[in-house]
Structures are given as structure tokens and as C-alpha cells.
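What follows is a single structure, written as C-alpha cells, with notes after it.
Chain lettering (A, B, C and D) follows the sequence in which the chains are written, and residue indices restart at 1 in each chain.
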Amino acid sequence: MSNSFGHLLRVTTFGESHGPAIGCVIDGCPPGLAISEDEFAQDLERRATGRSRHTSQRHETDAVEILSGVYEGCTTGTPIALLIRNTDARSKDYNKIAAQFRPAHADYTYWQKYGHRDPRGGGRSSARETTMRVAAAVIAKKWLAERYGVTVRGHLSQLGELRPDEHLGAFDWNAVEGNPFFWPIEAQVPALETYMDALRKSGDSVGARVTVVADGVPPGWGEPIYGKLDGDLAAAMMSINAVKGVEIGDGFASVAQKGSFHRDEMTRDGFLSNHAGGILGGISSGQQVVCSVAFKPTSSLRLPGRGLNVLGEEVEVVTTGRHDPCVGIRATPICEAMMALVLMDQALRHRAQCGDVGEVSPRIPATTDKDAKR
Amino acid sequence: MSNSFGHLLRVTTFGESHGPAIGCVIDGCPPGLAISEDEFAQDLERRATGRSRHTSQRHETDAVEILSGVYEGCTTGTPIALLIRNTDARSKDYNKIAAQFRPAHADYTYWQKYGHRDPRGGGRSSARETTMRVAAAVIAKKWLAERYGVTVRGHLSQLGELRPDEHLGAFDWNAVEGNPFFWPIEAQVPALETYMDALRKSGDSVGARVTVVADGVPPGWGEPIYGKLDGDLAAAMMSINAVKGVEIGDGFASVAQKGSFHRDEMTRDGFLSNHAGGILGGISSGQQVVCSVAFKPTSSLRLPGRGLNVLGEEVEVVTTGRHDPCVGIRATPICEAMMALVLMDQALRHRAQCGDVGEVSPRIPATTDKDAKR
Amino acid sequence: MSNSFGHLLRVTTFGESHGPAIGCVIDGCPPGLAISEDEFAQDLERRATGRSRHTSQRHETDAVEILSGVYEGCTTGTPIALLIRNTDARSKDYNKIAAQFRPAHADYTYWQKYGHRDPRGGGRSSARETTMRVAAAVIAKKWLAERYGVTVRGHLSQLGELRPDEHLGAFDWNAVEGNPFFWPIEAQVPALETYMDALRKSGDSVGARVTVVADGVPPGWGEPIYGKLDGDLAAAMMSINAVKGVEIGDGFASVAQKGSFHRDEMTRDGFLSNHAGGILGGISSGQQVVCSVAFKPTSSLRLPGRGLNVLGEEVEVVTTGRHDPCVGIRATPICEAMMALVLMDQALRHRAQCGDVGEVSPRIPATTDKDAKR
Amino acid sequence: MSNSFGHLLRVTTFGESHGPAIGCVIDGCPPGLAISEDEFAQDLERRATGRSRHTSQRHETDAVEILSGVYEGCTTGTPIALLIRNTDARSKDYNKIAAQFRPAHADYTYWQKYGHRDPRGGGRSSARETTMRVAAAVIAKKWLAERYGVTVRGHLSQLGELRPDEHLGAFDWNAVEGNPFFWPIEAQVPALETYMDALRKSGDSVGARVTVVADGVPPGWGEPIYGKLDGDLAAAMMSINAVKGVEIGDGFASVAQKGSFHRDEMTRDGFLSNHAGGILGGISSGQQVVCSVAFKPTSSLRLPGRGLNVLGEEVEVVTTGRHDPCVGIRATPICEAMMALVLMDQALRHRAQCGDVGEVSPRIPATTDKDAKR
């Protein structure tokens, strides 16, 4: 069951990085949603390796084939299966990789769990699996937009030590898609380029922080106690490779805040702030839903590190293949995908139980302007 | 389904803060575990309100009654139901509370979701629900200790702006249980007392950070991809009231780290560091499992705040009842509880699928000494 | 997880026959349903032991206490916990029972599974557990009736060799509640009395068949493939103690039928027959949903039988306590309960996925008259 | 979620009869099981259309491709995806079929549920879906045999009015695989041939009954209350297309039995009978597990029947395509498959909770000889 995600919109993924194919089955999608194979291209391209010189150079044409669940261009309510063949899995000798455990990889833990593993390109533990999350979320994003006017978008909010510097320019959602970093301040991009070039030259890697924001989420989504919207988001984000932390709204900054500052006061014209990140008691408040995610630095480095081999001998591990010096750079679409999947699942759960409740008064209007700058 | 937690060890809780009772059903516990009603007292007391002048003054004798699943002092494998009667639910007029929505509370979102709510003491959204998590985890902690030698313990790792100051003394697990803050540096406790006294006088509140550590977890627990050990921990912690962030190992600090620093190198004598927090690829590595949690400041304040009432009119909200100025202070046992429940669930899941794998070579020894100071 | 039933309306039961209490938690009930403690009395009384001289003589006042989830007489959307204290659990020495395994009981299999069991009154394997199914279904029946006009009712359709004899009188739903057998032909009841008196005198027992019918189910409920309405009904009925078979519509009679007979032809005025029992492809057709259930004869007999004790020695087993010579007699409310729970769960699942589909043309009118005589 | 089956061994299927492909994902299989693509051929052939003149004439080479989860010939513990391309989906005009609802088909109910459907060859409601159950169960059967020595096999136990006639010859498992009916009495096969020839000529269809038997199941599998082994079997069998009834052991015959006859007495040498079908209280007893299934007659007939079209007009429906006059004939491997999947899932669940219980005394030996003749 651990390869499935969601309750009513349930996504099951399969496939190894260098096996024959990767794919997913999306169960529970409402009927009547128009969808075609070419609609997957954009988000897959956003996530794709080979986007720029700052990400790894695997050039794979990730063409999605719809195997089921769509008839005459519309979803039928039956499971939607998506398939992508692995075409760029270079044939090479994996014996050496198979025989040793790289520090900070899942090599050792998969071995300890299963006593057996597919070592080719990381096998099942590869970030290649996240491709299917992005593909599945194309459907979720479209349904959320059409049915509820909900949009989900993300940006990089930290790269190593570099944070958005609003002295250089204003936060701008339009800038995000215009640079390879999903960075919201265009004037800062050259500095990021320089930073990454130096990093790549050094053979080292850094972490990153991604922030995802959903606009238009109505109040009421999310199920207390163990099905909270923020609980689901936390699980969703933490399930992405290399993630080490999740925050809702102000997150860890809340620790040092005073209650009189943190609490988002309510007026008839809207909330006066959004420290909560749009979720109270596990349920959406009608404000922007805001979630930030910490990615650790890539562990595959050209710099040698101490590891073990299957015989228990200490070995020096050097990774020579294609690897991103910062996996977080192209994680933005993946984080968006997980939020979209969570929101659609919660929307379905909400109307199952509370479909008769309808709109309740008073409903505080969303205050998008105030929330927009993150 | 949103009031149940876990897959093979499945805890379902029920009850409102000021309803007749709270309780839980624990399904899936292996048979043959000795357990008695008085074993619940210690952890419930650790979590209890009224522990010190720094927490709220509700004095409730939380006596656990075992309703089922235990025969002649041992679990039978059938569901274990635990019940606690609410005895200190002061009779008072809730009409005013019912009619207004306090800022940063779940009042407004419950109302929007259900169109109806139990306003007495926060109803279902009250932290009183967490009592049953602590009770259920008494069983999980005991089973983990007896069956695998696993121990789970936590401490406060930040209180407002105050962090552990190792100049004042060494980190000491023994100190944690000796002060009302679960603080690991005894010499710093007077400073915390002073800080809290000033805070309470001001009528304001602050957040806190709790860190939980599990020792003795064998390698192999956790199920990739969507059933990862860290994914389950993130969901578990985020489901606790007032939590806004979760970190595994170095968490958000990883963002600014270099890969050459972050990766935990492996030797035959153990890992050389534990930035990963004992989890790689969603599976335990055999190191200490480390998770930190951010609690927001209490939103119930004597300081007036802007809210709305059910008629949509703006009102000034002042909370006069018993409330902790820092809910995080007594959250340590709750965070421990959630980690214990996750670990036991994952242990059962692991032996279901991988019960025939057994111990695999090479197994890196745990390096408790190096990990211990957090 | 094996003590929970349903997906969106999820019922978790707990309790042993002679433990302190039995109870359940009902998760997922929509908010706003009026319910009070005294509404449980009728169905519990219908199921109760001690109804007549044909059922066992345990006189227990099964007073239901609502512990949570209801505020000011209405469900709130939070989990509804129901509790019944066991008051008639006679104190006696269970050592003898504990030491031996009765033929055709769960004694031996519980022992083999858990290595440990609560032998008092059958412990968890007792039909006492079904009390909570009936209690939970009071809520489901009420919601189905109020929200969709769906009614669920059942009757005994065979008692040992005795089948409804329409030569003696017409099938009459009104008769069902007027006799202790839930028998639909009033004139036949004296024959049943005589039959049961002779049976009881003989010390032996017989099986029974119960048929449950739901009126008013709209077309579209049920989820193919593994969430079919009939699949859920089969699981639900088979989970009742002593059940050995389940049929939908014509059931096993379909085996010898011709297709030209079995297929229910469709006209604008309705279906011309209902051999399918109101379900096609796992989805309700708008006809009556019909399900029949086979109960085995009670295995607890005064007539001695061959069993084993815990030492593996062969023993002669004689059951002297209170036991029904036909457990199926009072199973009708239990079967109704399970159908109501399945229907409500499926109704919620349907509106989650297909809430936007609405009513689709052409919709064949239900033909209640034609269906009514079963 | 309705396209997934099982809890710890979880099978998710997808695909329409005449879409691009059908497939499944098997999650939770233990690592280390040797499996290759050609091992699927035998059971798929047993189920295949075109086996004899008594089944429909679709000749499709159902070659299974393993897409994931197997490395170097062994399962790795990651999800196993299986794919079969649909190659014999004749291109034809489905407009007429799409526009009308055939009596006793899922056409009408899918339309009512989803407002939209894939009409090609029955779409998702086609029995083609069961191919993937058989494929998935190849893995379950192998694991059960290797790990526990459990075997699962089935036979046809009724064809229309024809029942096994032991006057003609003895029940013989070896005969079952030697004739196109899975019939256990070889001398009776010519009579079945004659019966079917006449039926086909008449344009009509009949139902059938299939019995499946598992040998070697140890005592203790199955989880009370809602996770009973028989409850799972009932759901599993009822989820197969055209099934209208399920029996465990003596099933509906139990209704007219006396308790003194039905109860399976226990001796040190074994049980003296097996009316229970190897399950007591939802848990296996160590005897043969026996389950029988009723299949309705095929509803697709050359004989005209009354139906409706999408405009609500009454139409005469005649089915001209390839259709089995008795779908039950080739259902035996499908029923075996569902039992194998249930057993493996329950085996994993049992060792999760009760892995420490081990073998408990006294264990009654299986009495295979006595059970064998069904």
C-alpha cells in the first residue's frame, strides 16, 4: 500500500529509474474531465532533467501514454493509467554500484530492508518516480481550476544561503517561470547563476527551499483529526525524495513569535494577516494555503566520501554520473503536484461528508493582495 | 476515517473537550503484551494540565479505564478500548463563545466546514484529544521496548527565543524529567521560569520547539514511497494541535548545508554523523531517529483581538479561561506518543512484508554516543 | 484495522461479551442529523436476546450512551462514540470453558491465532458484538431515509426446512414485525412455534435464511471493480457470526436459470423483473436491492459433542448456558444493519466522485409493486 | 480506491476491454520471490477466451510484460506492474452499442453513475479485467506454495442443471485440467458437451457454480471481525463479473441442517467433517478452505430482449458479437485467483500482528483425505 497516495483520489505509482517504464494509476477521478496526452507535456518539461546547465543532463522525452480511463477525450470515472517508457537508461555496468553503499543514499537502507535491490540508477528510490506525481497532478490541477477556481503554484524560496532579496526587486509570480530556478525576483537570477557555477566547479552540492501556494481554496477543506489538510500536506511533501522539513505558513518562525503577532485577526473585509498559512484546526480558512519544503543537498558528489561495500569493507565512494548539484531547483513542480493531489483528494472528501452543508455565513473574503508576497 | 491513525496499529480517537468522555480504540496490537490501567498514569501525568504554574490549571484526574482487549492482564489481539470520563468540565454558559469566532482558532473553520459545532471548550478541536494519543502510545512504547529494545524520548528544544545554551551546562537526558519544561539543561531552567513569568504577566504567549529521539530502531523500518517513515512522522506530528512545522534530522538547516557536510559517512564502526536523522529513502538506517516540531504561540489571549461573530459582525475577542501561555511546554509527551505509534505501526508493516528477510550483512552499529547530544 | 467497517462511513467496534462494555465509534457521519439516545432502543430491542422463548434468555438492558459527536441533539461531523455497559455478565467460573475447545466454535481458531483468548461468553467472537452494528445502523437508517428516502427492512425467509408457504397466506411486510420470527406470512407462525418447541426439546439446533430488501436506492450507488455494492454487501453479511452464504437477487438459483429468463428486461415503465437483486456491474439499478443470507445452526448444544482441551486431550463437550436453538431468528435486524451501513457508505462515496453528475436521463422508474413479494 | 484489492498484498487493476491495454500494480509482495514473464502463461491460458468451442472466440495472445518490481528474476519488494496490450480489439462502429442499454448489463448502471462511459466491448465492466486478477494471482499462488505449502485449485461444480454425478465416476482433481469445463468427473464430460452444444444452438445461456479449495492453510489466518477470512473471500468472489452468490463450506445447505450434524467434531487425528469449509469465527482452522460461487447466465444473447436507448426509447436488443453461452465455464481460474490473493494478504496480515505467537498446541492435523471429495 505504500506506493499509493490519497484516499478518494488515489494515485499508485510504479517503476524503477532504469527499468522498462514508469507509470501510475489514478483512481477516483470524477467523470467528464477533458484531458489529452499532450496536456502532460508542460509540467513534465518543467520538472524535466536537462532544463538548464544547473540540472543533470539526462535528456529523456517523457511522452505520457494514457492507457485507460479516458474515452473520447474525457475521463470516464474508471482508473486512469499513465505510462512513460524509459528510453534514456544508458546501458552500463551496474555491478560496482550494486556492490557499494553510497553515503546519504537509500542504497544501504533498501539493502537492509529487502536484502535485495535494483541498483540501476537508484532503482525505485530514484527521483524519477516523482515524474508520475507531476503527471497525475496535471489532472488534479485541471480539475481544481475548472471545478473550484483553485490554482497551485510554487517557487524556489532559498538556494543554499541565498534568499530572495527584495532590495533587488519585487516578488513577482511572472518571473518564476522565466528562469531555470523558479526564482521570484528576476534581478537576482544572475547571482544565482554565478553561485551555481561555482558550486558545480567545486564538486559539491547545496540544499534548497521551495514554497507552494494555493489560491482560491474555499473554507472547509481538510478533515480533523488525523486527516487534517496540513497533516496530509506534511506527509505529501515529506514523501518527496531529499525532503527534510515541511512548514505551514510561518512554520518554525512561529516558535519565536508572540501570540498577539501570530494570530490572524479577522475582519469583514478579510483576515489581516496569514501567519497560519490558510489552515486552522486542519481545515482551510479561505486564505492562501502556504507550504514550504526543505530539500537537503544532493548526496551524489564528485568529492570522495566514506562508504561501505556489500562485504562490509570500507570504500571510497565517488559519483561520476549525471547528478544535480541542487535537487531542489527542479523540485518546484513536484511540490506543486503534491499540493494539488492533496487538495483534490480533500475536496472530494469534503463533499462526501459535508456535501449538504453548502456555503455557511459569515464567509470572510480571501485577501489575495495581502497574501501574495511570500 | 479522519479520526483514525496508523495502518496495522490503528488508533481511533473520539470525544470532545467538555463532552461526557474521551476515548480511543487501538486495533492491531499483538497478543500477549502485559498491560494494566495504572501503567497509563505516568505519561498522562507528564502531559497533564496543571503540572506547574506555567500550564493551564485544569485539574482533571485522567483515570484510564480499559474496556476491552485485555484479559488476565494481557492483550488478546482484539481491539483495546480506553475511556476517560471528563470530570472537570465546568458547567458554564457557552453561548457567548458559541456565537463568536476567535482569531487563529478552529472555531471559524469548523463552522465553515460543518455548519454546526460543539463550542464547549473547543469541542473536538481541543488539545484534550491528544490525551488519548498519549494513552495509546503507552502500549506502543511498552511493546517497542520489550520486543525491539526501542526507546522514545523527547525534550523542549526552544521556548520562544530561548534555545538550549550549552555554555550553562551539558545536554542531559536526566535533566529533562526534572523540570516542568522538559528542558535538557538544568542550569538554564531558572531563566525559563523568569521568561514565562514575564510572558504570563504580559498576557501574551509564545511558540516552542520539541525534539523527539528514538534509540534502538533497527535498520529497515519504513516503507517507500508514500509510506516512508519520515512521511508518517510528518503526518503524525502535523496532526497535533498548534503544530506548524516538522523536521527530520537537520531539517531546514539542510537547505544551507553543503552535500559534503550533510552526507553521513559510513564506517564499520558506525556512521560519522547523523544529519539525516536516522532515515534514508524513507527507511531507518539504524541511527537515532530524530524529529523536531514547531508549535505556534497559543491564540487564546487576555489581550483583545479582532474577530467575528456568527452574524458576521466584527467583535473584540478576549479569552479569560484557563489557557497555557505556551502550549508547546507540555507537548513533549504528545510528540513522543506520535513517534512511538508510527514506529510500532512501521515495525508491524515491516515484518509483514519482510519478515523472511532477517538480518542482512553488513549492519552498521548504532553510534548512540555520537548522536546523543542534540 | 479488522475491527472497522466501511470507508467514508467507518464503524469501529470493540468489546467482549462479558467484559466491562461494548461500544463503537462511527466516523464520517455528515453533520446536522438529529439523533438521541432513545432512538436506539427499538432496533436493539428487535435484536435483543430474551425476545421470546425461542431465543436465549439473557435479559440485558442495552442502554446506549452517546459519548461524543452529538451536540444539542444533532451530529456535528465528529466521531460518534456509543457505549453499552455489560450488566448481565454472570459471574462464574470460566476455567472449564477456557480449557476446552467446543466443536464448530471460534474457540480453537482464536487460540491458534493469538495463543491467548478471553473465554468469557465467547469473548470477542460472541454475537454480542453485533449489537453495536445494529446501534450504528440506527444512524445510517435514519440518514438514508431522511436524505434519500431509502428504507431497509428484512425478514426470515427460511427456518430449518420451513420456507414461506404462500398457500397459507400472502407475503406481508406488516406481518414481519408482529411475530418473534420476523416471518412474513402470519398464518404460518403457529407452525414455526411448534417446530421450534420440538427442536428445543430435542436439544438440537437449525440454521436459517434471512432476506433484506432496500427500497428507494437510486441508480448509481456502488463502485466497480473491487468496491461493488454487491461485493460490499457480501463482505458485510459474511462478517456476521454464523453466516455461511450470501446471495444477491436470485443468487444460487441463477446457476440453473437461462439467460433469457434471468435478464431483467427494461421498459419505460420499469424493469420487468428483478432477478439481479437491483445491482448490475456492482452498481444499483434503481430497483429494490435484495440480499439473502444463510445462517448455520448454532453449535452450542446440550447434545454432547467431541472436542479437545488445551492439553490436546479429547473431551466430551456439553453446552449448558443460554443459547439460541436458531441464531438466525434474531439476525434480521443485524442483516438490515449491515445493508444500511453499506448503503450509506456507498452513498457518500458516490457523491464524492460523481457529485457533479446529477440525475441522468433516461432513468427507469422503480417498480416497487412487482418487486415487493420476495 | 475501488480498483484496488487487498490490504498488505494490494492489487490495483486498470484498463478497458478495447482500450490500449490492461494492467495491474501489485504492491506489498515480499522480496526475493523468483518470477519470470513466462510463468504467467499457464493460468492466463486456462482463463483465456478461445479455449474451446464452448467459450467465446476472441483469440488474443495475452503476453504479460513485467514493467517493474523484478530485478534479476526476483521480486525486490517494490511494486510489480504487469501490462498486457489489447491486440484483438476489432475496430468497429460502437455507436449503436453506445446508444443502447442491454438488459442485465452494466451499460445502464454505468451510464446512471458516471453520465459517460466507454462502450467498446463493455469497457471497464468487461470480464477482460479479470485477466489481471489471474496474472496477479500467479505471484500469490507461487508465494503461498513456496512459503507455506498452500495450494489453491478449483473446479466447476454445476453447469446449468447439471451437477457432478458420482454414479458415473469418482471425483478426480486430475480430471479437472483435462477437459474444457474444469469438470471433476471425466466420464460426465460428453454429457456436458452435448448440453452446451444444444444451448449454443438455442441462442440462450446458463449459469454455473464454481468451487475453490485451498489445501495446506495453517490455522490462524483471518482477522475477526470485519477482516474475516470468509468475509474477504465473499467480497473477493462477489467482485467477479456475473457472480450472484458465495458460500463457505456447506453454505446455504447449512440452513436446513441440524447443529448436531453441522458441527465439525474434533479429535486428535483431525476434524471428523468439514461442513464449516475450514473457517471458524473468520479464522482458518487448518482444514481445507472451501468456497463456492454462483455465476448467473450470460446476458448477451442472440435472442432479442427489451432494452432502452439513450433517448429513453424502448428498443429490441440483439447481441451478435462473441460471447460465452456460460461465463462460468472459464471462471474457475478467476475464482482460484481471488482465493489465492485473499490468502496471501491474510498470511501477511497474520504475521504482522501474530508473528511472535508461533505454533500453538494442540494443533489438529489436517485431514485432507476426508475433505478431498467435494
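Keep this in mind: a residue touches a chain if its C-beta (ideal position, glycine included) is under 8 Å from a C-beta of that chain, and two chains touch if they have at least 3 such contacts.
Note that the coordinates shown come from a computational prediction; the quantities given were computed from them, not determined experimentally.
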Open item on the list: With touch defined as above, tell me whether subunit B and subunit C contact each other through largely the same residue numbers, more than half shared, or through different ones.
Closed with: same
Task: Pair joined by more contacting C-beta pairs (A-D or A-C) - done: A-D
- [ ] Look at all chain centres (mean of CA atoms) and spot the one farthest from the centre of subunit D.
- [x] B
- [ ] Would you mind pulling out the distance in Å between where the CA atoms of subunit A average out and where those of subunit C do?
- [x] 46
Open item on the list: Can you work out the whole-Å distance between the CA centroids of subunit A and subunit D?
Closed with: 40
TODO: Two or more other chains in contact with one residue: find those residues in subunit B.
DONE: 1-4, 7-8, 13, 28, 31-32, 77-78, 113-115, 124, 224, 349, 354, 357
Open item on the list: Under the stated contact criterion, what part of subunit A meets subunit D in this complex?
Closed with: 1-4, 7-8, 10, 12-16, 19-23, 25, 27-28, 31-32, 65-69, 71, 74, 76-81, 83, 113-118, 120, 123-124
Task: Residues of subunit A touching subunit B in the complex - done: 1-5, 7, 13, 101, 103-106, 108-115, 124-125, 129, 158, 160-161, 204-209, 219-228, 230-239, 241, 243-252, 254-268, 272, 275-277, 279-286, 294-299, 301, 303, 305-308, 310-314, 325, 328, 349-350, 354, 357-358, 360-364
- [ ] Please give the residue numbers of subunit D that touch subunit B in the complex, ascending.
- [x] 8, 28-32, 77-78, 147, 224, 348-349, 351-357
